[in-house]
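In the two complexes that follow, chain A is the common piece, with chain B as its partner first and chain C second.
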Partner chain A sequence: MSKKNDLLAKENAVQAILVAPTFEDEFLPISNDIPLCLFPVVNKPLIDYTLEFLSLGGVEETFLFCCNHVAEIKDHIKKSVEETVGWTLTMKVHIIVSESCRSFGDCLRDLDAKGLLRGDFVLLEPGVISNISLSSLLKKHSDICQMDKGAAMTVIFQECGLNHRSLCPQDETLVIMNSKNRLLFHKKTKKTSDKKVDFPLEIFLENNSVSIYHNLKDTHIAICSSSVLPLFSDNFDFQTKDDFVRGLLMNEEIMGSTVYGNILRGSNYGGAIHNWRTYQSISMELKNKWVHPLVPPTKKNRSIYEDSAIGTSTKVALTANICRSILGCNVVIGNNVKIQDAFIFDNTHIEDNAVVSLSVIGPNCIVKNGAKVTAGSILGKGVVIEENCLVEDSLVQQTKSDNSEDKIGPSAYRLRLEEDEEDIDLDKSLARRMSRLHIHEATYESEYESEDEFSESEDALSHIHSPPPDDTKLFFTEVIDSLTRGFEDKLLCDNLILEINSSRYAYNVTVKEVNFNVIKAILIMSGDLPEGPQYFSSFAQMLSYFAPLFNNYIKNLSAMTDCLQAVEEVAISGDFKDKWAVFTLKYLYEKDYLSEEAILDWFGTIKTDTKFYKQVKPFTDWLEEAEEEDSDDE
Partner chain B sequence: MPVPVEFQAVVLAAGKGSRMLEITSGHPKCLLPVGPKPLIWYTLRKLQITGFNEAILIVLETQKAEIQSAIERELEGNSLDIKVDYVSIAEDQEDLGTADSLRLVQERLKSDVLVVSCDLVSDVNLGGVLNLFRKHNASIASLMFYHQASEPIVVPGPKSKHKPEKDLIGIDEQTQRLVFMASVSDFESQVTLPLSLLKKHTLVKMYSTLIDSHVYVLKNWVIQYLKSERSITSLKGELIPYIVKKQLSKPQKIDEVNQSIINTKDSNDIFSFAEEDELELAIREISSFNDHNGDLKSSYNNDPIRCYAYIAPKGSIGLRVNTLPAYWSINGKIQEVWNKVSINMSLIQKSPQANIQSNQVDDKCIISDGAKLNEKTSFKNANIGTNTTVNSFSRVFNSIVMNNVMIHEKVALENCIVCDNAVIEKGSSLKNCIVGNNHLVQAESECTNELLTEDLMHF
Partner chain C sequence: MTNINFQDLSDVIRLISDIKHKNILSSHDIALKTEAMLEALIAQGKWTSASELMQLIKQRIKCISQSLPMEATAINVMRHILKVIREEFEVASEKKGESQSLQYIVTGASSNVLDYSQSLSSLQAALLDHLSEYKTELETSAENIAAQASEHIHSSETILTFGTSKTVQRFLKAASKKRTFNVIVVEAAPLYLGHSLAANLAKSNIQTTVIPDSAVFAMMSRVNKVIIGTHTVLASGGLRASSGIHALALAAKHYSIPVMVLSHMYKFTPVYLGSNDHEAFNDCASPASLIPYSSGQVLNKAEVTNAVFDFVPPELVTLFITHQGGNSPSYVYRLLSELYHPDDYEI
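Showing the complex of A and B:
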């Protein structure tokens, strides 16, 4: 361990903080047994890459913050030191343990209390792998601090095309920087489903020009001034680095601190593993040596294609088909096994004829003969999938636990992630979907395409294109809107009347038009009711709900005529059943909204050769008969 | 058969100068003197140097004769060599916008069009913006200037706070596409951009101080579209922002089943105008050229509408003379920049046709034809227009005196603009004043920071 390290602590050594745990349940169930920093990434623990990167980058002292699986991590570091792995020559690692921390922010607050940091330092979020030279970035940061005393942080971004596989959609960042690289706006666009982004106008007015970047990937590396830790301590709501950046940007004046950005280009690589998707992309990039000089251990095997990698002592049957996958050590692959886009951890056995695709199989698992594990499944440690069993899109663990759902086999329980009741909203599910393994290039593309097209319809900006709409029409659409909403939310009809009257004045429509359009709107809404035997009863219910409206608008004979005209128009233009018109008229008549006289007068004006006439005829006949009977009675 | 020209130039000179009515009421804006030449000369000279042999000049009917004679004078004097085709706007239509003006000449426009306003003074070669247009076969290309910092100057007339109009202009860094254009005054506190725009153009530089030079190169279909879309009245305010916005949309997919040719032609859908040549599309498909990287989309994202912005190199001179401060500042420095903006014309400071009897005329003065400067007068940094007379014992410092002005004895002018046909009677002393057209300044007047004019109703 560090204490045994012979290196003398230098006064002004370059320091870094590495927070090891993610505090998320992204990697369940595997993370139950292996901490993220010991995850094998192309057959080498993740933390080895990170520490190597730090020491190559010029860091001399690293504080490794652990909250769980502390013993394993300590052992691993100890082993590295004993084996004098490369980084141990130039860098000291202090392990700091605090099991009470619940977030990234908590860890930093804890560190602040300990007062171990002296000056500018490098801050790494969990899972970082990179090959950049940190000392030059530290130099740049201190230059910025010379110019701007409030500079608290330089966030490191990497240039990255929007659809690039290494850019996890969750990491899509929209950033505005001014000509001095000061960050003015920061937003993760995929965290919400908005189709538009609002920018404060001052951002643009206060600068001659600003750059809006949407081609950046957050490397999860930041260079910090010494003011960062106290700022975390002062603001208990800062949980993550993004909270910090956002908080500082929002309250720039109050806190007096600024954030800068630095964009990596060319062969500089940076990224962090924080979900399966990034695990996949970074593994692939490591394997393809994009992160040179950080390279994974390689073992040549002629039966394996270039796009896959295997660990030591792994046995692969000749008839197995392995494609874009990474196998750990001591893995046994049987005959005719198909493995695509999958990760298989150490000591796992995949038996004959099994299929594994787009999945992660944890250590010590057995996938038995003919079983299929596909579509984003994650198998925890020691899971046994029975013969010919199909596992699709599930998290599976070995033992039963409180939140495990159903049993697939004696050593396989499907795990259901508990979701907070309140936020089973779109954002969360979107985030889940995005964090999965890269399902397919094509589907991802098409998702983008469809979004583009959606944005067209919202091109309401083309105000000069459409002809000035008719006031009465506008009034009608407003009425429809009010009524639909009112009916859905069961608002008081009196309030609806108020709304309608105010729109009436806004659009300056006549009383006649008001009567006509209100009735028309109500009747048109009947078209949205579900078809079927229940139709007329639900129609009657709707009409009775709007009774106050009828009472309010149909007050005299002329209003009745308007109402009847509305019925006529809706019946002719709408696609209703034959009985619709009669039903409506009868209903209105029975409720005394319409008088006999009005109906008969109006009926006289209808052309006799129309379909509508034929529809209504029986009703008026009945009316006339009833009238005669009435007079007969007298 | 004559080969059609590649570009036709249209100069818009029918504006009334509504932002500086103090000096333009009753006087064509395009004839305001800037140094030794009227404003319009600078635009025409620019076009001539760019290689245009002809230009269509749109003027108001009421001002046509005046403008025509002024230009003819320049043509005769060999300082211009360009055929000017006058199109006038009848008196009853005087309130037409810039797009309306263009619509008037739509029938003559057979090629792509370069639209210039008459108020540009610049040293930028228009080749830059034309080449950008050619290179990308653009729909619209426009010329922009960086903000040019100027020292504070004392502008004649009543003190007023000059607030420049600002535009927000978004340009894709990678492709020079103009992706956003709007006036700052359109926004209150927030600017909303569609995410699809930012996805398509992943690095947009948003400028708030760029100056739109009102030099637009328009594809011919834009003119055709303008013809059909009568509601658009101005270029900068409506047409350009609209087309810039439309880049983001895709043409509506025509329903194969009930496709009707008449329908698509009749509809005012902008994409039915913007359709590209099939051969060109085929070439683009085969070509390995791509205008951008970062995604796997084909070049130009298959957009039929493409707008571009050419930003003049830093340090270039570019000024729209459409406000009083702009007018005053360009006059202040015209001699400094003369060589650049006139492109190697010699600056004639003292016209041979002027009658100069004064011996106190410093070398910063510009004296035009027929000016009569009597003995015992003094001039420093003064611009004296044609047929203006200055009588003895008067002095004119740091001022612009336009044409046919009569300045009597013992008049002192400092930092003033005196418009056409004004008369300043003897003994007057004016400082930081504007004297309007035909105005008579009474004898022994003493004024500072005032606007002396007849028709105040405009203000």
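Showing the complex of A and C:
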């Protein structure tokens, strides 16, 4: 009797397709060694969450599609089955391997050829974590199919506030649905650089009422009718699910298929890890129980670490400061280590006094004494960062490969992705920057704005401090324009002086303002130099190029004061490194543009409680000491 | 070795997966399922001696406590069966009569420890007999509790209850056959399970009022008795009950209103509240029922905790009502020693 039941159940079994690889290079270099589906998410492999979700959601048969790292994934599944992990009792997992597939669409075409799916099924893009009950959604979808024979897919969205950390800018969608939840318009707004959206007029003419949503997050889960796979096979240009939705919406009449949407509310949660930012947000949300009943295995120790989770047998020194981070198993953290907004995978050692922030450190890495890993760096498996080394905004891997790269240490090579430097395609580089880790709180908004108003940033800088009269401002932009052009085309500085002087008369500005603005313009230009270890040398080069200008304008003590004020203003208003001010002052002092007397006088006027004061203090201290030594010598 | 182990445990994994998939919801059903599982285990007889059988059961207890740390019922049922095995073994080995000296009872003298690895042919039949008795006890437990209703609820009293509990519902319905009284139901945010209880009570013509959680203190002054259910009863006589009950019990204390807790025997757990392990005591559900996910930016900065349980200290509870009658919290230790063998408290 029970056997018969089993057979019956199998015929109507709820089926799901899970595509494991991402086909993108988002997770390089870590994804070279670990496939995305085995990434630890709060110390449990991602796929365990996905499979548990499918099983709890009522799925009985899952096709897991793999293209690379097949052996590891197979081993993992086999191990789970042997240990009879929760989902194994109610769900069967079939692993399908095809190494020739190059995109999500290829996988589905491959599956269509195999003819394994019988009826409606659940389609998951890589990295999905959710807690929704799929059976009720499947029922809704089949109800829709009863009314509309052409219904091909129900896309699942989750309601989500704007500026929510889990709403990765790339995922920001604009959706229009009619009263029957049929999708009429679907656009990922941040995937392109256009800032305008055009709605076809027919949407409003043909429907009595439509709802426009901009607060939705794509959960990367879809309920599909059996017609979806053949549609993928018929259209070879469908690479992703988004292509599919767009294609169907555009050619609705030709294909005779429609797409529906379903919006999740309440405690239903859905999301997918497809870049580092979503990795971060989903980890945090898992930790804060938003995906209940799927919970991470570790218990956090609230009293010691703010908003962090720590794996088993991890050793953390008492003096370490950990905040909003997740540490894997067997991690060793030394004294005075500072870890902020970071993810540290298993078996990694962070030695004394190191700083790790906004970064991901892969498995088996060593960050040595006093090293700094910051600003969205990703370290691959087994990387060793040498003592006192600074790694900023870079992808680092253990071994050398073909991509042009520079060496940081014996087993640390900076990896450059092809698009990064040469590609002028703004969309792509913007998308890449946005997909890195999310910065906490206030810093996020400012970053966000500066990305939006990229071209206007210079203007914005100029009127932060005591807005000068209009003419002066115009003069300033004029100066900046000529200097930038001059620097780029390597014009003679004498010609530049001539140009500046003529604009000075045109706008009728005083000598003081000329001195101030010219120096300020030069210094502001230093903000556009590429960041990195060579920053200061290229800065010095630029300053030496402009040497004639300094000679021409800084002639007396009052001009020096103007110059120092310009340094002060730029250092405070601009976003520079800590050493910037000291470097600039020292350079100008060594080249004799500024006298010791002028610097010390000016320094006396700075308020002692500002950050700038602290930055400059070491330099003036040094000046005073040098003076004393001089007098001693005499 | 490990492989075989996992194979053997398939029955308990099935139980865990049923609980996780919410195929069995109420603790009563879990208790019955667990009992059935053990009955099958004993009947299949893949064991030769009492110690082997006890080992099998202990493995299952460990398995459940690992994957469902909040689940007490299934473990308690199994723990009780362990005690049953010990007792039946003593009877079967006929040592009981000889060794029952006063000194043995007081000190539990180790000189006379039974050797459970001895194989006894009569044990299996005796156990199965006892289990079917236990099954009837489980099935009639709710009925027996309800039968005491008219002793506790008097005419025209006002009873306050919290959230929903099948036992409480049955208890109140039983009382309504003989008496007329008012019931105030606290709705128990954020799950609002009180609504369904109120609807069910109103259907059987009980005068019912639903109040929000915030009104508990205001209403308490006119209440005669508080009658609630609980998730578990701890060894100290304290409760692990749905969140909100601690506040309710404090309000009752303030007005000196008796708090009665209806509980089946399988809810008594020989576990104390660990002072340094509050997180393990509690369970956190999705914060979505407190603050919607769509509230956006504020969630980047706030960590919202939605605790499922409250710990209610024993001094706030007046009486436990089980199928055997009423007991005060200070008597819980005695009930526990009747239910479980001291060696099985920690597994």
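We take it that the second predicted complex is superposed on the first by the 419 of 634 C-alpha atoms of A that agree within 3 Å, B and C clash if a C-alpha of one lies under 4 Å from a C-alpha of the other, contacts with A are read in each partner's own complex, and residues count from 1 in each chain.
Going forward, contacts are C-beta pairs under 8 Å (C-beta built on N, C-alpha and C of every residue); 3 or more make two chains touch, one makes a residue touch a chain.
Because the structure is predicted, anything quoted here is derived from the model rather than measured.
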{"item": "First (chain B), second (chain C), both or neither touched by A:387", "value": "neither"}
{"item": "Partner chain in contact with A:174 - chain B first, chain C second, else both or neither", "value": "first"}
{"item": "Chain B versus chain C as contact partner of A:75, first or second or both or neither", "value": "neither"}
{"item": "First (chain B), second (chain C), both or neither touched by A:161", "value": "both"}
{"item": "Which superposed partner A:143 touches (first chain B, second chain C, both, neither)", "value": "neither"}
{"item": "Partner chain(s) touched by A:197 [first = chain B, second = chain C, both, neither]", "value": "first"}
{"item": "Partner chain in contact with A:211 - chain B first, chain C second, else both or neither", "value": "first"}
{"item": "First, second, both or neither for A:406, with chain B first and chain C second", "value": "neither"}
{"item": "First, second, both or neither for A:621, with chain B first and chain C second", "value": "neither"}
{"item": "Intersection of the chain A residues that touch chain B with those that touch chain C", "value": "161-163, 215"}
{"item": "Interface residues, chain A side, partner chain B - complex", "value": "161-163, 174, 176, 189, 194-202, 204-205, 207-215, 445, 448, 451-453, 455-456, 458-459, 461-462, 464-465"}
{"item": "For the chain B and chain A complex, residues of the former touching the latter", "value": "147, 166, 168, 170, 173, 184, 187-196, 198-210, 229, 231-232, 238, 242, 245-246, 248-250, 268, 293-296"}
{"item": "In the complex, chain A residues that touch chain C", "value": "55-56, 82-84, 86, 89-90, 131, 158-165, 215, 265-269, 288-293, 299-300, 302, 307, 440-441, 444"}
{"item": "Residues of chain C defined as touching chain A within the complex", "value": "2-3, 6, 9-10, 13-14, 16-17, 20-21, 67, 279-280, 284-289, 292-297, 299-301, 303-306"}
